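In the two assemblies presented below, chain A is common to both, partnered first by chain B and then by chain C.
Then we have the complex of A and B:
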C-alpha cells in the first residue's frame, strides 16, 4: 500500500478504503480553490460565503430528506411544489389571518406532515411507486399553491423573515467580530475534539480492533479546527449587521440530528435495510410499510421547512417558488454517493454533494458565465459523477460505493471526522 | 450401437467459484430417441443442459461437445438455437402481455424489408399450433391461457426455430395429470417425426413410460446410462443411482438428547398469493421436540419453503387456516416481528435474495434481526454490536479479516454462517433452516452440520428443509416427507433410507405410520 493511500485510509475510513468520499471532498476543495483564484478571491469573501449559505440552505434541507427517501429506494418529485404550497399557506395565515409568525411556522410543519402522510399512505400502504405518487403531488400542490394564492405574491412580516434572512445578533463587547458567531465556532471546535476523543474511546472498547494511530487523530483535529477557525472568522468578520445566518444554523442542527439518526439508531438502520434488500429486511422483522411511510412523511415536513425558509428569505411567497428544487436535491444526493437502487448514501455525503453543486453554481456566476453554460456544466458534472460509480460497479466489484461509503456510515473511527467536517464546511460557505 | 450418436458430450467439467458443478460428465444421445436425465436437485442436470445450450459458453467449461459429428463451440444461446438445439426451461420464458403469435416469433420475427411480416407469421403460426395440438386463437394473450397451454406455446416457439434437439427441463413439474399426459404423447409424436428430445424429470413414472435411454447424474458425475429397450427401466435402480452414496463420515458425531414436544402445527392451510384455487399447504400438521432436528424432505416445488415462510409471520401466500402451539399454548404469528418475539427463526434458502442485505458488513448483518438487543433508547451501541459480531465470528469460525468486512467478500459457506449467526443472535427456540447447505462446499457443510447439532444440544428445536436426502438422513432425528403441499409421511431416523423417502416424496399415498 502506498503511503498516500494509507494516509487516506486512516483519515477517511477504517478498514476498507474510502476513495469515493475522499474524491468528493478533494473535488470540493479543488473547485473552491479554482474559483478562489479565478474570481480573484471573491469566492471566500465573507459576503459571498454568507450569501451562499442563505441561498443553498433550503436546498440542503431538502437533500437531507431526499437522501433518506433515496436510500429507502424511492424518489420524491413533489418537494418543490410541497414547499411552495406550504409557503403560500403560511404566508396567507400570517399576513391575512393574523396568525402570529411562530404559530405560522408550526402550522407550516403541520401542513408538511399532512401532505407527507397523504403521500406516504399511497406509497407504503397502497403500493403505488413513489415516482407516480409524487409526480401527482407535484401537480397537485403546485396547483394548490396557485389556487390558494390566486397566483399572487403574498408578503410575510419581518419577524418571520428571520428564519431565512436573519443573522446571529450582535452581543457583548466590541471585538471587531460578531461575538455569537465566534462563540459558535468555539463550540464547533470543542465538539470536533470531543467526538474524536470519544470515537477513539469507543474503538478501544472493541478488543481486537485497533484505533487509528494517535497522530492521525491529531492531524484530523488540526485540519478541522483550522477550517472551522477560518470559517468562523470569515462569517464573524463580515459587513456590520451580518454574521452567521439563522438558516445556516437550522441546517447545521438538522444535519447533525439526521446524521446521528441515520447512522446510530435502529430506525435509521431500518431505512438502509429496506433500501438494501426489502425482502431480507421484512424477513428480519422490519416493518416495511411503516419505514416507507415515515420516510415519505419526513420528506414533506422538511420540504415544508425549506419552503418557509425560502419565503422568509425572499420576504414573500409567490407562484414560482420551489420550481425544480427536486432536481437540485436529487442531484446533490447522487453526487454525494447514494445509489440509484437504494440502500447506500449518507447525509454528510449529500451535503457535500449539494455543496459541490452550490460552489460550482456560485463560482460560475461570479466569473460571469451565462446561465446556459452553468446548466450545461452542472449537467455534465452530475452525469460524470454517477457514471464513475456505475463504471466501478461494472468492474465486477459489487457496489463499490457500498464498500466505500460503508465506513463513513457506521465505522466509529471514521464517523468522527466526516459529518462534523461536513457541517463545518457547510458553515464555511 | 451402430449409428453414431446425434450428440455426445465428453468429459464435461464445469466449476463455479468454490463449487464443482460437473466433473467428467459424459452424455450420449442417439438420433431420434427420448433421453431422460435423472438426478437429485443439485446433481448437475440443469448445469449440463446450460453447457449444451451455450448459456455457459464454450471456454467456460472443460471437455468437448460433438453434435452431428462435429465439435461445437457455442458462444451463446442463439448459436445453439441456430444449430437446432432448443432448451425449454422450467420457468417459462414467455411475455404474458403478448399474444401467442407474438410470443412464438419473439426474437425470431419473419421480416420483409425490415418490417415484421405478420402475414407470414399468422399463416405459419397455425401450422405450428397444429403440430403441438394447441387449439387456441393465436391472438389470445399468453396470460389468459393455462400453464399447460403455455408450455405448448413454448414448444411451438421451439419449432418456429426449426428445432432438431429439444431439451425440456422439468416440463411436467407445473402441469396437472391431463396436461402432463398430453405433453408426453406429444413427445412420442415428435419422436416419430425424427425429433430428438432430452427430458429432465423427477417423476420416475413418466420417465419409465416414455424414455428410450436414461442417464443418471449424481453430485455432478455420470453414474450410468440405462438403455431401456435392452435392459428395461427399473425404478429401484434409478432411485439407487440417484441417491446411493456413502454417508460415512460426512456428519459430525452427535448424541441427540430429545425432550418434550414444544412446538406443534395443526392443519396448516395456505393458498398461493395470486392463484386463489391453488393450495400450497394442505392441512399440514407436525410437531417438534426440544433438542430435536426434524427434516422436511420433498422435491422442488413440493411446498416446504411455502410452509415454512407462511408459518414465519405469514411471509408467503394467504393464510386460510391452521393453528400453532408453543409450549402447550396457542400462539399467533401474524407478522415477522411476532414470529421473532415468539422465538422463531427462519433461515432462507436463498441467502443472497432474501437472507442478507449484500450492502451490509458482517457486524450489521449479524445484529439485523434483533437490533433491540444492542440498542438503548433506540440508539445503537456500537461497541456492543462489535462484541456480538466478534463472538459469533469466533464461535462459528467465520472466515473474515474483520467483522467490518462486507458480506459480499465472503465465500458462500461463510455467508451462510453469517446468516446463521444473525438468527442465533435472536436466541430462538425453533430454527427453520431452508436448504442450509445449498451451494457451499463439503468442508463448510460439515461445519454447518456441527452448528445445527450444537443448536439442538442447547435444547432448541431445529427444522431442516433439504433437497439432499443423504443430508436429511445423516442429520435429522425424524423426517417428514412433503408432496404437493401435503405431508405424506413421517419417518424416524432408524427407518429412514433414501429409497423409501424418494417414494414418499413422489406420491400422494400416505404411508401408514409405523
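Then we have the complex of A and C:
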C-alpha cells in the first residue's frame, strides 16, 4: 500500500470508500476558496454567510424529502406547486381570517400532509407512477394557488416572518457577539468531540476492529472544531440584529433527525431496500405500499414547510412562489450522489450537493455574473459532476456516488466515521 | 491517551483564540445612517436589479444603466432576474449587492410585495433604495420612487381608445373588452384605474359597453404580463361573446406585448381588428401602428427615465436630497414614498414621426 493511500485510510476512517466522500467536501471547499479569492473576501463575510443560509434553507429542506423520494425510486415534480399552494393558504388564513400565526404553521403542515396523503394514495395504492401523479399535482396545486390567491400577492404579519427571516435573539451580557449563536457553536463542538471519542470506544469494544491512530482523531477533532468555531464566529459576529438564522436552525434539526432516521432505523433502511430492489424487499417482509405512501407524504409535508419558510422570508405569498424549486431540489440530490434508479444516496450528500449549487450561485452573483450565465454554468456543473462520477465508477476508480453507498454495506467503520462528516457539513450550512 | 487529549484540547483552544481575532462586523454597523445623509464616494458601487428579460424595455434599460453609470464614474452591477425563478433570483441579487457594499440599489421589482426582507437588509447596511418604474410595497425601507406617471398613462390609454373608436365610427354605442397587467405588479392596477377614470363615465352613460361584462381588475388580469395568457383570454372571449354577429370596437390593452397578442388572437379568429391601445413603444408595435393594426402606444422614453435615475444617484452621491415632484400619491401600504414622476406621451400613427424623432431605433420605422 502506498504511503498516500495509507494516509487516506487513516484520515478518513479506514476504508477507501470513506476517502471518496472527501472528494465532494473537497469540491465544496475548492469552490468556496475560489470565490473567496475572486470576490475579494466577500464570500465568507458574516452577512453573506447569513444570507446564503436563509436563501437556500428552503431548497435544502426540500432536498431532504426529495432524497428519500429518489432513494425509493420515485420522483416528485409537484414540490414547488405544493409549497406555493400551502404558502397562499397559510398567508390568507393568517392575514384575512385572523388565524394566529403559530396555528397558521400547523395549518400549513396539515395541508401538506393532506396533499401528501392524496399523492401517496395514487402512487402507493393505485400504482400510478409518481412522475405522473406529481406532474398532475404540479398543475393541480399551481392552479389551486392561483385560484385561492386570485393570482395576488398576500402579505404575512411580522411574527410569522421569523421562521424565514428571523435570527436567534440577543441575550445575556455584551460580548461583542450574539451569545446564543456562540452557545450553539459550543454545543456543536461538544457533539463533534463526543462523537469522535465514542466512535473510538465502540471500535475498541468491537472484536477485530482497530481504532485509527490517536493523532488522526486529534487532527480530525481540531479541523472540525476549527471549522465550527470559524462558522460560529462569523454567524455570531454579523451586523447587530443578525445572527444564526431561524431557518438555518430548522434545517439543522431536520438534517440531524432525517440522517439518523435514514441511516439507523429500520423504517429508514426499508426505503433503501425498496429503491434497491422492491421485489426482494417485499419478499423480505417490507411493507412496500406503506413505505411508498410515507415517502410521498413526507415529501409534501416538507414542501409545505419549505413554502412557509419562503413566504416568511419574502414577507408575502405570491403567484410566482415555488417556480422550478423541484429542479433545484432534484439537482442537489443528484450532485449529492443519489442514483436515478433509486437505492443510493444520503441526506448529508444531498445537503452538500445543495450547498455546492448555493455557493456557486451566490459566488457568481457576487462577481456580477448575469442570471443567464449563472443558469448555463449551473447546468454544465450538474451535468459535469454526475458525468465525472459515472465515468470514474466505470473506470473502477474514485466515485462520489460510490462513496455514498456505504450505508448499504453496513460496515461498522462506516457507521462510526460517517456521522462526523455529517457534522462537518451541518456546521457549515 | 489522556495526555494526547489534553494536548488536543489545548490546540483547539488556541485555534479558537486565533480565530476570535478575526474581523467582527458588529462595530461597523451602518444601521442608523440616514438616507442621503452624507453622500458617498464618487466611484461607489451602484446596484441595479431588474426583472427578467421579457420585454425590450428592460433589456434597453439594463444597457443604459451599465453605460450611464460608467460614464458618471460609478461602478455598476446590473442584474436581471432569471426567467424561471424571478422572485428568488432577484432577492438573492439584491442581497449580493448589499454584501458588495452598494451605496444605492435601484430596483425594478419582479414582485413588488416580496422584497421587504432584502430592502430592509440593504437599508441597514447603509444603502439608499430606489424603486424604479415599479413601486416596492409592504415595506418602510424604500427611499424614492422614480417612474413615468402611470395613472396618467392609464388615462391616456382610455382617451386614445375613445378617440380611436370615434374616428372609425362616429356614433356609439361602442363594444369594448378590457385587459390589465399582472396582478403582482403594483402598476397594473394604477394603469387600469387611470383608464377606468376616463372610461367609467362613458360606460355609465351607456355609450361604451363591455361585451363580456368583465370589468373587474381581477377578471381582466394577465398573469406575469405574458403574451400567451392575454392571447388565450382573448381567444375565449371571442368564442364566448363575439361568436354571433356582435362586433368588437375596441380593446384596452395595458402594453404593447399584450396588444400584439390580442391582435394575433383576433386575426386568428378572422375578425376585423378593433382599436387596440398599448404602451412601451416596442419596435414590433411601432411597425404595427404604422401598418394600421395597433392603434396607439405610449412613449415612456426609457432613456429619459434612466437618465433621471442616474441624476438622482449623482445627487445622492453629493449628499443632498434628490428632486421629487409627488409626495402624496404613492402609498406603498406602509408609508408614502416620495416620487419623481415623468410625463408620458401618447403615440398614434398621426404623431409617430414627431414622437420618435430622437430615437435612433424607432425613427426609421416611422418614415
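The definition used in the following text is that the second predicted complex is superposed on the first by the 378 of 429 C-alpha atoms of A that agree within 3 Å, B and C clash if a C-alpha of one lies under 4 Å from a C-alpha of the other, contacts with A are read in each partner's own complex, and residues count from 1 in each chain.
Convention: contacts are C-beta pairs under 8 Å (C-beta built on N, C-alpha and C of every residue); 3 or more make two chains touch, one makes a residue touch a chain.
What you see is a predicted model, and the numbers here were worked out from it, not measured in a lab.
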Which holds for A:377: it touches chain B only (first), chain C only (second), both, or neither? neither
### Message
If we overlay the two complexes on their shared chain A, which of chain B and chain C does A:202 touch? Say first, second, both or neither.
### Response
first
Per residue count on chain A, the busier partner among chain B and chain C is C
Exercise. Does chain B (first) or chain C (second) touch A:256, or do both, or does neither?
Worked result: neither
>> Looking at A:113, would you say it contacts chain B, chain C, both, or neither? Reply first, second, both or neither.
In response: neither
In the overlaid three-chain picture, which partner chain does A:388 touch, first (chain B) or second (chain C), both, or neither? neither
Go through the superposed model and pick first if A:241 touches only chain B, second if only chain C, both, or neither. second
- Query: Given the touch rule stated above, what does A:269 touch, chain B (first), chain C (second), both, or neither?
  - Reply: first
The intersection of the chain A residues contacting chain B with those contacting chain C is none
In the complex, chain C touches chain A at residues 1, 4-5, 7-8, 11-12, 15-16, 19-20, 22-27, 29-31, 52-53, 77, 79-89, 91-93, 95-96, 98-100, 110-117, 121, 124-125, 138-139, 182-184, 218, 221, 223-224, 333
Listed in rising order, chain A residues that touch chain C in their complex are 39, 42, 45-48, 51, 55, 146, 150-153, 155, 161, 164-165, 176-177, 189, 214-215, 217-218, 221-222, 225-226, 229-230, 233, 237-241, 310, 313-316, 318-321, 323-324, 361-362, 365-366, 368, 370-372, 374-375
So, in the complex, the side of chain A touching chain B is made of residues 14-16, 202, 205-209, 264-267, 269-270, 272-273, 276-277, 279-285, 287, 343-344, 398-399, 402-403, 406-407, 410-412
Given the complex, residues on chain B that touch chain A span 312-313, 315, 335-337, 339-340, 346, 348, 353-361, 364, 368-372, 375, 378-380, 382-383, 386-387, 390, 401-402, 404-406, 408, 422
